[in-house]
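Dropping a structure here in C-alpha cells format, bear with me for questions.
A, B, C and D are the chain letters, set down in written order, and residue numbers restart from 1 in every chain.
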Amino acid sequence: MSRIGVFICHCGENIAGTVDVAAVTQAALDMTGVVHAVDYKYMCSDPGQTMLKDAIVEKKLDGVVVAACSPRMHEPTFRRTAEEGGINPYQCEMANIREHCSWVHEKGTPTTAKAIDLVRFQVEKVKRNHPLVPIRVPVTKKALVLGGGIAGIQAALDIANTGSPVLLVEKSPSIGGHMSQLSETFPTLDCSQCILTPRMVEVARHPNITLYTYSELEKLDGFIGNFKATIRRKARKIDEKLCNGCGVCQQKCPVKKIPDEFNEGLSNRPAIFVPFPQAVPNKPVIDLANCTYFKNGKCKACEKLCPTKAIRLDQEDQIEVHDIGAVVLATGFKTMPVSNFSEYGYGKYKDVIDGMKFERLASASGPTGGAMKRPSDGKTPQHVVFIACAGSRDRLKGVPYCSKICCMYTAKHAMLYQHKVHGGQATVFYMDVRAAGKNYDEFVRRAVEEDGVKYVRGRVSRVYEDDGQLVVKGVDTLLGAEPVEIRADMVVLATAVQAQNDAEELAQRLHVSYDPYKFFAEAHPKLRPVETNTAGIFLAGTCQAPRDIPETVAQASGAAVKVAGLFSQPELTREPIIAVVDRQPPPVFSHCVGCFLCKSACPYQAIEEESIKNRNGDVLKVVAKVNPGLCQGCGTCVSTCRTKAIDLQGFSNEQVFAELMCI
Amino acid sequence: MTDLKVGYYPGCSLQGSSRDFAESLHAVAKALSIELVEIPEWNCCGASSGHMLDHLLSVALPVNVLLKARKAGLPQVMAPCASCYNRLATASHEIATSPATKAQVESVLQTSIDKLPRVLNVIELLAQVSDRIAPKVTKKFEQTVACYYGCLLVRPAKVTGFDRTEDPVEMDKLVAAVGGKTIDWSFKTECCGASFSISRSSVVGRLGAKIMQDAVKRQAEAVVVACPMCHSNLDLRRGEINQQLEHKTDIPVLFITQVIGLALGLPKKQLGLGRHFVPVKFPAKPLAPPTVP
Amino acid sequence: MEALQAKARELLAAGTVKVVIGYGKGTGDTRRPIFVRAVERAGDLVVDAACTQNLATYLTKAEVRALGRMAIVALPSTLRSILQLAAEKQLREENVLALAVIDGGLRELATFDAIEEALATVPDALSDADQKLIDKLTAMSVTERRAFWAEELGRCVKCYACRSSCPMCYCERCTMDCNRPQWIPVASHAIGNLEYHMVRAMHLAGRCVECGTCGKACPVGIPVHLLTFFAEQSVRRQFGQKGGASAKLDYAMSTFKPDDKETFIR
Amino acid sequence: MVDPFEPKMTAFVCNWCTYAGADLTGTSRIKYQSNVRVIRLPCTGRIDFMMVLKAFSRGSDGVIISGCHPNDCHYTSGNYHARRRWMVFRDLLDFVGIDLRRVTFSWVSAAEGAKWAELVNEATNNVRALGPYKEIQQLAAVGID
C-alpha cells in the first residue's frame, strides 16, 4: 500500500488566486494511497522544500506529488528535494496546476475540478513509479578529430592541451588544409603560411596528439564516450621511420608532368611527392594512379636511389580500430566546380581562374614565387576583373546561400594585385559587399580608397575572348543600369563554398544530420552551435557552414571545450528515462519475440540483438536489448511493440494507463 | 520507321515573314517522317503585344491553344517560332506553379485544366529524332557556321528548362550531326533587338552588328538560327547592320531546318532558300577549320 | 495431388524434410491441416479448391519446429507469410521448404528468393466478395459503419480463433494477454471487443498477407479479416509498402518518409 | 433543469513542443476552456494508439493529439513515426465507425502558445456541438474491468 504525500503550492496568488487550493488539498486527502496533503504559499521556497523533506520522513512517504508549476520548470528541484528527503528522486511527480490550469482558466469550480483531476493523475501515476538510478556510462578519454585543416588543428591542439590524447585523422598526405594554400589573410594581410605552419609543427610535436595523415575513417560504431573508430591508413609506399625527407626520390622520379594539387594545377609534380615544402609530415607519398611502376610494373627508380632505403612498394593499407570518447568533425569544404559557369569561359580560357588559383599565384610559395603572372603566357595582367558571387546567391545555377568569405577574399585579392602590379587596375563586379566583421569593412574601404580597386555593382553576363583578349560583359546597376564591357587580361571567379563531395555519405555513416546543402547540422542554431544531434559528435569549421578563419578557430576551440567538458567526469550520468526490454525467468526469458520491428523505429540505433544462451552456449532465444548509452527515451519503440515487451521508464505503460483510468 | 506525331503551332510569323522557315520545316519533317498535326482553330499566342498588356490574357491565350491540342489528342506541341514557344512554355509553367492563375484561367476559359501537352521548340523536336538524321544525310553540310540561339529559346531557364541557359549547345549538336562545323563564340544568346526591328531598326542594326561581326571574325560562313525574329533581324536588317560596320558582312542566315534540309539533299525550292535577303551562297570549298580561341 | 504425394514421399524418404505440413480430409468435404512425418502417410495429402487455410501459422509453433525441417503445402498467401516471417526473423531459409500450389501447378521453392520470384507472377488482389464488402462499408456513413461493427463485434466471444489462426500472430504474449496494465478487458463485451479487433488490425497493418484465414476461423462468422485487410490496404495506399512482399524487412509502421503526405494534422 | 453538456477532452502531447507550448500559453496568460486534461509523454512517438482507444472507452468525448512539427522533433524522427501511425489509425477509426470529428491531430511547437489555446477551444467547441459520445459510452457501459 503506497504512502503518497501531496503538496499543493499557492505560488503566491498565481495559483491560489484562481484555484481553491484548500478544496484541492481536501480532495487529495480522499484519494486512495494519499496519506498526507498540505498546501503552502511557495513550495519551491526553502521552507517549502524543508516541509516536503520533513513530511517524507515523518509520514514515511514513498511517493510525492507536488502540485505547482510546470515540471519543465521545477521537476529537477523537487526531485532533488525528494532525494534529500530520503526517497528515490523518481518517486516524485509534478501536477502542473499553474501553466496548465490557474493561468489559463477563469476562477471557478471547473478550474478547481481540473486541478484536482491533474493531482489525481499524478497520484495514480506516482503509485506506479519505480525507483530509478541515473545511467552511468564510462568515458574513453580520447578524442578523434576528423580533418587536418585549421579547424581540426585548432580543435586537436586545444583538446590535447587539456591533457587528453587526440587522434587527428587527415585524408590527404599533409595537414594544413585550404589555409596552407592561401597567400595572405584578411583583414590583416599576414601571410597564411607564417601563422599556420607553426601550428602544424606543434601538432606534429605534441605528446598528446597522434597524427594520421593519408588516412580515412571507415566506420564509427558505439555511442558517446564509447565509440569504436575504424581507420584506414592508406599505404604511402614508404617507411616513414626511415625516410628523412631528403627529396632525392622526387628529383629522380621520371614522371614529372602531373598537375600539382597544392598549386591548383598551376605547376607540376612527380609521381612520388611531398604536397608542399612545409608539409607535415614532411614525407613523400606515391601517387599510384600515375606511378610508372604501378602502371606497368617497371621503373622502381625511387626504390633504387633512396639513400635510406625507405621505399616500400609492397606496402599495404592498414586498418586500425581505436576506442574513442568523442569526435570532432572538421572535414572542411570544397569550392563549386566552375564548369557550372560556361558563360564565364572557365576551362575554355586559361586566364579565367578561380579564387584558390589566384591565392597560389599571389603566394610567395606559389609557382610564380608570388609574382603576378597570368597562366596563359606568363605576362603580367594589366587589368584583372574579379567576379564575386560566382555561384553564391544564385538560385538558378548555383546555391541560394551566401558563401560569406568571398566578399572579403575578393577585396584581398584585388588589394594584393594592386600592391603587386603598380599601374595595374583591378575591377570587382559585386551584388553587395558583405564585410561584417572586426576591421572588415575598413579593409574593403582601404581596397577602394587607398589601393584604387574599382567596384562595379552588377552581374557579369559573359566572358569571351576577342582578339586574344578577354572581354567581360556586365552591367553597372548604379550608373543607370548601363551595360559595361571591360577588356581584361585575367578574370578571377569567387566561386561558392560547398560541402565536401562525401559529406552526405559521411554524415549517414556517423548518424549526424545535415542540411539540404549537405553541411552538417548543429543541434541548435543558436544555443548548441558546435554540437550535433548525435551525442558525443561535435562540429568545427566549414563542414557546418561557410565561415572564415577567425570564426573557424573560435568554433574549433568551442568544440574542444565541449569535448574537454565531456572528458572531465569519470563517467557520464544520464536521466534514466530510457526504454527497457523486459526479462523473465526461464523458459520465457523475455516477452520479446525478436521480430525487431522496433529496430528501424529507433532514431538512435539503440536497439541491439541479444542472444540468450544456456550453459553450453547454444542460443535459446534472440531478443531485443536497449543500449542505455544510446537510448534517449523517446518511446517510439514502445508503441511499436506488439507484445508490450519494451517499456519506457518514467512513462511506463502502467503509469500512463493509470493516468488514463482517472479520466 | 514509325511516324512521330507532333502538334504543330505555326503562329503568325510562319505564315508571313518566315514562310521559308515553315517550308523547310515541313520538308525536313516529311523527310524524317515526323507528322506535324496543325492544331485545329489555333489562336494567337499573345506574343509581343499581348503579354505586355494583360497578364491574364498572356496566359489564357496560349493555354487555350494547348487545350485544343490536348483535345486533338496531341501529347506534345511544337512551336517553331521562338516567341510562340516561349509564350506557350511560360503559360504552362504558370499553370503548373500558380494555383491562383490556374483558377483564373479556368474561369475565363470555362473549363478545367488538368494536364497540358508538353511544349517543344524546333531544336528539341529535331533532337528527339537526331538518330534518324545522320543515316539520311546524302550531302554533308560542310560549312563552318555560328549557331545563334537568341534569348527566347533558352530563357528563363525555369520555364524552358531547355539546354544550358547561358551557353546552349543543342543546335551545335544538330549541325555537327549533318557534318557541319560550328564556331565557339560568345554571342549565342546576345540580344538581336527582337521586335525593335519594326519600331527602332537602328537599335537592331547596332546589336546585330556586334553579333555578325564576331561571327565573321571567327570565320563563320553562315549564321544558323531557330527563331523568325532572329532571322529577320540578321537577314532582313543586314542593311542597317552593315551601316555599323566598316567590313560589310555578306554571310547568309539560315534556319536550322534549312541546314538539315540541305544535308538531306532536299531541293533548294522546298527549303525556301530563295526567300532570303542575303543570298544563300557559300565559298566554293570549305575553309580550313577555324582556329578555336 | 499425386505429384504432391510423390514429392512428399521423396522428401521424407530422403530425409530432406522431417515433416510435411499439408491438407488432409476433414469432416464432410472440409479440409484440415495434417502433419505427415512418415512416407506411408504421404497418401493422406490432399490439394483441391477446398484447401483455403493458410498453414503458415504452424511454421512458428514450437512443437512443429521441434520435428526438424518443415515442408509446407503453400498457397500464395502462405508464401507471403513465409517471407514476412523471414523478414521478422521468425524463420530461416534452412527451416522451411515451400511446396507451392500456384494455379493448379506444384512448385518446390527452397529459397526465399525463389519464393519472391514465384510471387511476382501472382496478383495479390482480394477476393471479389471481400473487395465488395470493403467497398460497401467505405460507402456507408460513419454511423452505419458503427452500427455494422457494433452488431458484428457484438457476437464476438473472444475465443481468439482469429488470433490463433493468423500466421502473423505468433507472439508468445499478445497485448491481449498483457495484464499490467490490463490494456484489453478479459471479459468479452462490446468495448473490449472493439479494442481487441482494433489492436489486431493495427498490429497487422503493413504485415497482413491477406489470406483471410482469421475470418474463416471465426466460429460466429464475423468478417474480422476485413479489418486487417483494410489496415493493410491503407498502408499500401499511403506508403506503397506491403506485408509479405520480401524476406528483407520493410515494415511501413516503423519506417517513415519525411514527406509522407497527410491532410488532417493542423 | 440539467446542466449544459461539458465535453470531457483528453490531450496526448509530447514534452518538448506541445507541452512546452501549453506552458507558454500559461506564461502568456492566454485563456482557454478548462475541459481538457493533458497527458504528458516524452514524444509523439510514445503515443500508443491504445491510449486513444482507452481515452474514449474511459468516457472522453474528444481527444487531442499533438507534438512537434515535422523536422523539429526533439528525438529527430519520433513524430514522423507517429504521423505514419496516425495516418493508418485514423483510417481505421473511420472504418470501424469512430467519429473522426472527435479526434484532433495537430503540431504545436514550443513557441505556439496561442495556437494551443485556439486548438483546445476549437476542438472543445466542435465536440460540445456533437454532444456526448453516447455510442462509445454505451458500448463501454456494458461494463469494464
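Following the convention adopted for this analysis, a residue touches a chain if its C-beta (ideal position, glycine included) is under 8 Å from a C-beta of that chain, and two chains touch if they have at least 3 such contacts.
On a predicted model such as this, the values are computed, not experimentally measured, just so you know.
More C-beta pairs touch across one of A-C and A-B than the other; that pair is A-C. The chain occupying the central position, as judged from C-alpha centroids, is A.
Taking each chain's centre as the mean of its C-alpha atoms, subunit A lies 47 Å from subunit C.
Centre to centre, using the average C-alpha position, subunit A and subunit B are separated by 51 Å. Distance from the subunit A centre to the subunit D centre is 37 Å, each centre being the mean of its Cα atoms.
Centre-to-centre, using mean CA coordinates, subunit C is 34 Å away from subunit D. Shown for subunit C are the residues that touch two or more other chains, namely 175, 183, 253-255. Subunit D has residues 49, 54, 77, 81, 85 in contact with two or more other chains. Of all possible chain pairings, those that touch are A-B, A-C, A-D, C-D. Of all the residues in subunit D, the ones that touch subunit A in their complex are 6, 8, 10, 15, 19-20, 22-23, 25-27, 29-35, 37-43, 45-49, 51, 54-55, 58-60, 73-78, 81-82, 85, 117.
On the side of subunit A, the complex with subunit D involves touching residues 70-73, 96, 98-101, 103-106, 110-111, 113-114, 117-118, 121, 513, 533, 577, 601, 603-604, 632-636, 638-640, 648, 650-651, 653, 656-657, 659-661, 663.
The touching residues of subunit B, counted against subunit A in their complex, run 157-158, 164-167, 184-187, 190, 214, 217, 293. Listing the residues of subunit D that touch subunit C in their complex gives 49-50, 53-54, 57, 70-71, 77, 80-81, 83-92, 94-100, 104-107, 119, 135-136, 138-140, 142-145. The part of subunit A that touches subunit C in the complex is made up of residues 588, 591, 593-601, 622, 640, 642-645, 653-654, 657-658.
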